[in-house]
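Input: one structure, supplied below.
By written order: A, B, C and D. Residues from 1 in each chain.
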Amino acid sequence: MSDLFDDHFHDECGVVGVYGHPEASTITHLCLHALQHRGQESAGIVSFDGRNTVAHRAMGLVGDIFKGPVLDELKGHTAIGHVRYSTTGSSMLKNAQPFAIDYSRGALAVAHNGNLVNAGTLRYELENVGSIFQSTMDTEVIAHLIAKGEGNAEERVINALARVKGAYSLVFLTEDRIIAARDPRGWRPLILGKLDGAHVIASETCALDLIEGEYVRDIQPGEILVIDKHGLRSIFPFPKAAGAMCVFEYIYFARPDSRIFGEDCYPVRLAFGARLAQEHPVDADVVIAVPDSGSPATVGYAREAGIPMDIGLVRSHYMGRTFIEPAQTIRHFGVKLKLNPNTPVIAGKRVVLVDDSIVRGTTMRKIVTMIRKAGAKEIHVRISSPPVMWPCYYGIDTPTREELVASHQSVAETAKFIGADSLGYLSMEGLRTCLPRAADEFCYACFNGDYPDPPEEKTPVRQLHLFNATEDKGA
Amino acid sequence: MSDLFDDHFHDECGVVGVYGHPEASTITHLCLHALQHRGQESAGIVSFDGRNTVAHRAMGLVGDIFKGPVLDELKGHTAIGHVRYSTTGSSMLKNAQPFAIDYSRGALAVAHNGNLVNAGTLRYELENVGSIFQSTMDTEVIAHLIAKGEGNAEERVINALARVKGAYSLVFLTEDRIIAARDPRGWRPLILGKLDGAHVIASETCALDLIEGEYVRDIQPGEILVIDKHGLRSIFPFPKAAGAMCVFEYIYFARPDSRIFGEDCYPVRLAFGARLAQEHPVDADVVIAVPDSGSPATVGYAREAGIPMDIGLVRSHYMGRTFIEPAQTIRHFGVKLKLNPNTPVIAGKRVVLVDDSIVRGTTMRKIVTMIRKAGAKEIHVRISSPPVMWPCYYGIDTPTREELVASHQSVAETAKFIGADSLGYLSMEGLRTCLPRAADEFCYACFNGDYPDPPEEKTPVRQLHLFNATEDKGA
Amino acid sequence: MSDLFDDHFHDECGVVGVYGHPEASTITHLCLHALQHRGQESAGIVSFDGRNTVAHRAMGLVGDIFKGPVLDELKGHTAIGHVRYSTTGSSMLKNAQPFAIDYSRGALAVAHNGNLVNAGTLRYELENVGSIFQSTMDTEVIAHLIAKGEGNAEERVINALARVKGAYSLVFLTEDRIIAARDPRGWRPLILGKLDGAHVIASETCALDLIEGEYVRDIQPGEILVIDKHGLRSIFPFPKAAGAMCVFEYIYFARPDSRIFGEDCYPVRLAFGARLAQEHPVDADVVIAVPDSGSPATVGYAREAGIPMDIGLVRSHYMGRTFIEPAQTIRHFGVKLKLNPNTPVIAGKRVVLVDDSIVRGTTMRKIVTMIRKAGAKEIHVRISSPPVMWPCYYGIDTPTREELVASHQSVAETAKFIGADSLGYLSMEGLRTCLPRAADEFCYACFNGDYPDPPEEKTPVRQLHLFNATEDKGA
Amino acid sequence: MSDLFDDHFHDECGVVGVYGHPEASTITHLCLHALQHRGQESAGIVSFDGRNTVAHRAMGLVGDIFKGPVLDELKGHTAIGHVRYSTTGSSMLKNAQPFAIDYSRGALAVAHNGNLVNAGTLRYELENVGSIFQSTMDTEVIAHLIAKGEGNAEERVINALARVKGAYSLVFLTEDRIIAARDPRGWRPLILGKLDGAHVIASETCALDLIEGEYVRDIQPGEILVIDKHGLRSIFPFPKAAGAMCVFEYIYFARPDSRIFGEDCYPVRLAFGARLAQEHPVDADVVIAVPDSGSPATVGYAREAGIPMDIGLVRSHYMGRTFIEPAQTIRHFGVKLKLNPNTPVIAGKRVVLVDDSIVRGTTMRKIVTMIRKAGAKEIHVRISSPPVMWPCYYGIDTPTREELVASHQSVAETAKFIGADSLGYLSMEGLRTCLPRAADEFCYACFNGDYPDPPEEKTPVRQLHLFNATEDKGA
């Protein structure tokens, strides 16, 4: 939830689309709440009521943004929604989604999970022929390509997507349809569900659970799914590409109770934990999780190792907004504001501490110190994924390569840095073995630097000069 | 200030530009305050600090919007500003100016006073080739024409203006210059001044008075004035056109202490009043003004007529924001919230009541009723302009023709409608005679329907479908 | 309206009470708007609906505070209201009125115009027997005396007022009546009116004008007027005292269109101006007012002197809240933000400049400088009251004696200080002559230091230790 | 966290005091964050800087209320703080604590955890002799008793507490000391700690963990502890009473990582779970917790029963403020917004579901339904405390007796109501056996209706008439 106390990669977005439900925006709202773990900074909904396309976007949590009167204005049987985690400092609202435009064919809105690797080049080209951009989002490039295109909305979407490269799970809203699209490599998840005859698109199945909807199937890599008054229609206009589904969805991003890429997520995490116990066994008294990210792998580890699992760290549920963007004076207390060791479980014990990943290592270092002070005799850190050594360019917020501790330290050095008696990562082989689908369908770029669609190095970097402005304010 | 209690035409905008002053945004801020009578709904400033173009726009009065911290962020030696009166209901902030874009040549901002008569046609053409509009303002058309143009900023501005028709007094800010432009007919005023070696552009001279600057000259009709590090450069790229300066600037819009179209405004209003006394004399005890719009003409009338002038209506200075957008329950009290008769001046007297114009007539009717109740024996209404019978398409907010009382009632009928014992308007001939410049240089369209640049009747009306949204909100 | 640009004494309060009207709080609201000139910092209304006593108080203008939903909650046939001008910096809301308590006899609210001179002594006594104060207002002392009293509400009010000294025009609301009270010397005005069978109490008659009510009579000095379901009942429980009506109500505080102390205010101000012309004639070309405070006396002066009156200073109507509490960087521009000289009226002329009073002299100095720069040949300042030399302790916000320019400078020195060619004040004799009632019924303490009820010098000053807190904030 | 989705008793408050630390308010702020589980509705801090007593209170979470600038104003070496959970609808800020007054001996502030049973009687007496109350809190009665007392602050506190009955853990701040007090029965916890030579008072030890302070000892029942420049001084002025420590602190209220009543809380909860497994064994496949309230007992149950523990319910961490006070339309989704079943763990399994208590039973009913829909074969609910059948009068927010499901239903009926295959509560005997201190030192009133200090039945109920007002708002 916070950069500071939570040393994780962060998924940048979750998307939702609802077609044919009398309370489309309420259903979208609930789905976004279920997808809140995919982005907590801003959220938005755009609905169409048969005549008008209405938008509401704001900074903050879904539950705070979409209060009664706001939902009442978001009328209609069709709606799309978006939650976003973002890293840009100023002008954040400008970059909130869904992105909505009014162009020659009417209104169009789009919600995007993923990241394009050739957005800079395309933007340069578009600006050179007179396009004016409103935001710094790669998503806006898609909107301009559509506005400059020809034919009906569907043809324009296909032609626009033919020009972009990289990761996208998209939901478009036009005045008469919803169009869902997933890039040919299938980086990010996107599913289709049903509710009372209405069609629902969402990033994860946990959204369907909340609304008591029914899971139908995954949107396929490369699929463009049109939903309108005639029903569903699938198009596969692009050449087939090698799969590059994000393996980190199984490791950390997805909610453990979601079905991802067609398979339940939770058993995969259990399997990572069990395999980790096989690869890195240790003689210990108790296995504890870094809550909640490490909890599923902890169950797997403890069972396989035959060591009792216990609650070794107590998590505060009341972080508020301010601690998320903390003042300097509070930073000293760091992770302690969120986690406290449960001394009776730890004191005098040999502890196995399980988490899903280490990014910078600074938070893990604080946690190990805390547990040591609480009296642990030994601390053995176990990580249910391989060392992350490369930034992601496909829709995940990652630090630079230099900040990734595993990119410049050996495992032994990292163990010393975080203060652990031992440190064990899940091996690449172990990771591939536990996956519920063919291992070569996945992207492992953050572990091995092997980028399926490399970012365009020659992207002309025209710095934005405008609008590091103070946020404009309404009445 | 308010639609409800103030039955006037409203100027829609005031503009400012400052080049070469270390506190450019503070100077702009003060000038905007002096021009506040030209627009009270929203205000904005865009400044350039040598690297970044920073914008701040908000709903409300200049003095409330640009507080210390905001001005501190608007750094740089160059700035432009805008105040706006607008009539659109929703999404008002979206239409606040200066309008600022980031395009292929860098950042550009523009502040506009006036109104284009072919904006709809141009927008239709632009959208058809893929331009995406962010607002409903005609000013955005100019920005798109510039973005799609060729050459440097100056050439692009000239080429864009070559395509538009109608009224514009414009100030552009680019990353290295300020460009001021006034349409060939010279509808709206625009002046050039100096302050400590810096150059200042403003709608009226009263802006210079406040900052203790020096008036240099008017920007000429059809002139494009470029201000950059090399100094000032004037271009007259367009064919000369017959003058159409707005005569209502002398009647009501401009501050009485401003110099307009090169001449002091106040003596012109005195002359209107004096001529009105000649054209419509009456035997009376006292001359009173509708404050403050009727005050200058009242002085002229009273002097010419030799009747004592007195304070017959007391004005409240504390209207607040709420009364400006009043609830239904308050409407009943109408103009009484703003004006109260001063009984000792009125009771038992034959009163001449002077104002500058009558638009719908409803407010004047309430004022006459109020004065009658306060005991006036006779009430003779005198108006220091001819009857307004036609809407304006050149940057003034006017009601439809049907709402203009003089468009469908004779003077006698109007006198009866407002409850006056007599009613006299200044004649067209009288108006022309009192003007301090050649009478055929002016636009009289609101009086006689003779439109120099008629609005394009064939404008394709594509209704906007998007964004009758709830206003998006920042963090 | 602002400390900075408006060098006047300020009335601290206006009060209203309504009994027996189905829309009591709306009527109160309108009356407060008409009394806004008596206090612009905070406002409040307390109503009683037969079961509950409901309060709303806030900082700001009446028109902004009492929006629809708020008035809807202030139900009932009885209400009282208050506007306040105050000087205390922090914790201002705490001191907003009406002051409301819940004590052993039920709910009680009170609105107060005036100032007690023995509040410190009484507060000291009350705290010593265990009373806990919520505010720093002298008005709270009255509430505590009532809470500790005996008998019914009426007896408690009388007994409480028997103990206080100084100036008070009060309106109490209890669960079954309104009680109005005016101190025996009658310092501040208080009037009784009627509207559709309901009874209305207000500080000035202009409140009745707005609601189209009828003036009945003044509340008499020393009168306690009880309004309940049996009608009106007057009590005069205190010994008769020499009158001390505030003469400054005629000079400046009251709205010119009000009837004060039973007489129209406007003709008195005209008379001050005429007498001033007799006492201080001058050979000049034009007479101009400092708007709007000097306007009535200007009319009187110009007529008596036979010199034309004109509009020499143009006033901005758009000061906003921020300019009222200006940042340091804006202070330099001082009064120019509010007033601009009208050059055609002034240039080359011998000008008589009329205002009602001079307090510190700093603002007048800036105005004279402005007029001089606009080209006036001579500037003769005329003031329609005697020099103010003493602070007021009876409900007016005045600077310390040292700050009053007339307390330490001769008229000649002041003329030099403000830069005028000549300066003339109305004489005490002139002032007394023009009053519409017996001159010895008035308080002239601010002119001659003769305080009818001197402030208690021995007041034990126990400094308040609590709550120079940040303002607590609601959800 | 929310009434709706969280069917628990709620502790109403947590208190903190810091004496002798240069950053007293920052330390208080951190301690309050650690105590946030004891109250999430409002929070406040009062500090003393040697001259002034400064207060800040607001609605919301600690982390959102005490941002940098606010803490900067709360200067001084001494501070007290409070978090509050409250049930009153309107006027909530008025009831935020610490309660602070300015009385004859200077400033005094008090933070209170607990509830007095004779506050109504005392208030009636105080109002009858003229005291004016500002809030509806029982805590204000203590403040008035102190204000009306005699002697120094310490004597006044002792005399005031001699008159009250019921539960109180109090921290007072005066201008030269901190006074902590715990009622003679010791209902609520209160501890003493140290940090860098400063003294810290807090409700629970987890506050000391966060600031890395040292636990010294519990404040004893009946103890009044004075902390001033001379150090610590203990007074036991009241007769010894039978112990009535709240057993629910061990069951649910306290953080599991706190030491409560001198003993670690977590092992007690483990023991409750183990004993529950002995008393209500069942043949099952998996043991799951209602997170997080049921988690510790789940560990104990699973271990004792030898059944694997797993994560059967996934909890959302992003509830926001709105869901806490949900709109009607959202209520339908109830607990689903917070909890989702983890199907792979549940489907086809015989599930033991453990929680700490059942209050109304409605939430448990929804959880059981959810788990059933996820495919559980059998659901056996186990509760680690006896059935709650009586409301609490000692500082806990409980529903009425009628709303407590166990007060009118047998265990079998409740099992049927919630839809479980079986339901087992911990027995009273089991509960008493697991406690780490003598069982007769505790209060069990919510289980058996045996109230140590019964609420005063004859409390004169004088209804409050005032201030069900709209909340007053600052500038």
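The rule we apply is simple: a residue touches a chain if its C-beta (ideal position, glycine included) is under 8 Å from a C-beta of that chain, and two chains touch if they have at least 3 such contacts.
Please read these numbers as outputs of a predicted model, since none were measured by experiment.
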Smallest count of steps, each to a touching chain, taking subunit B to subunit D: 2
Name, by label, each chain that touches both members of the pair subunit B and subunit C. none
CA centre of subunit A versus CA centre of subunit D: separation in Å? 36
Return the distance between the CA-based centres of subunit A and subunit B, expressed in whole Å. 50
Using mean CA coordinates as chain centres, what's the subunit A-subunit C distance in Å? 62
Shared-contact residues (touching 2 or more other chains) in subunit A: 60
For this entry, which pairs of chains touch? A-B, A-D, B-C, C-D
Within their complex, state which residues of subunit C touch subunit B. 1, 26, 30, 33-34, 36-37, 40, 60-64, 66-68, 71, 206, 209-210, 255-257, 264, 266-267, 292, 295-296, 299, 303, 308-311, 314-323, 327, 329, 333, 336-337, 340-345
Going by the contact rule at the top, pick out the subunit A residues touching subunit B in the complex. 44, 51-60, 70, 73, 92-93, 96, 100-104, 106-107, 127-134, 143-144, 147-149, 175, 464-475
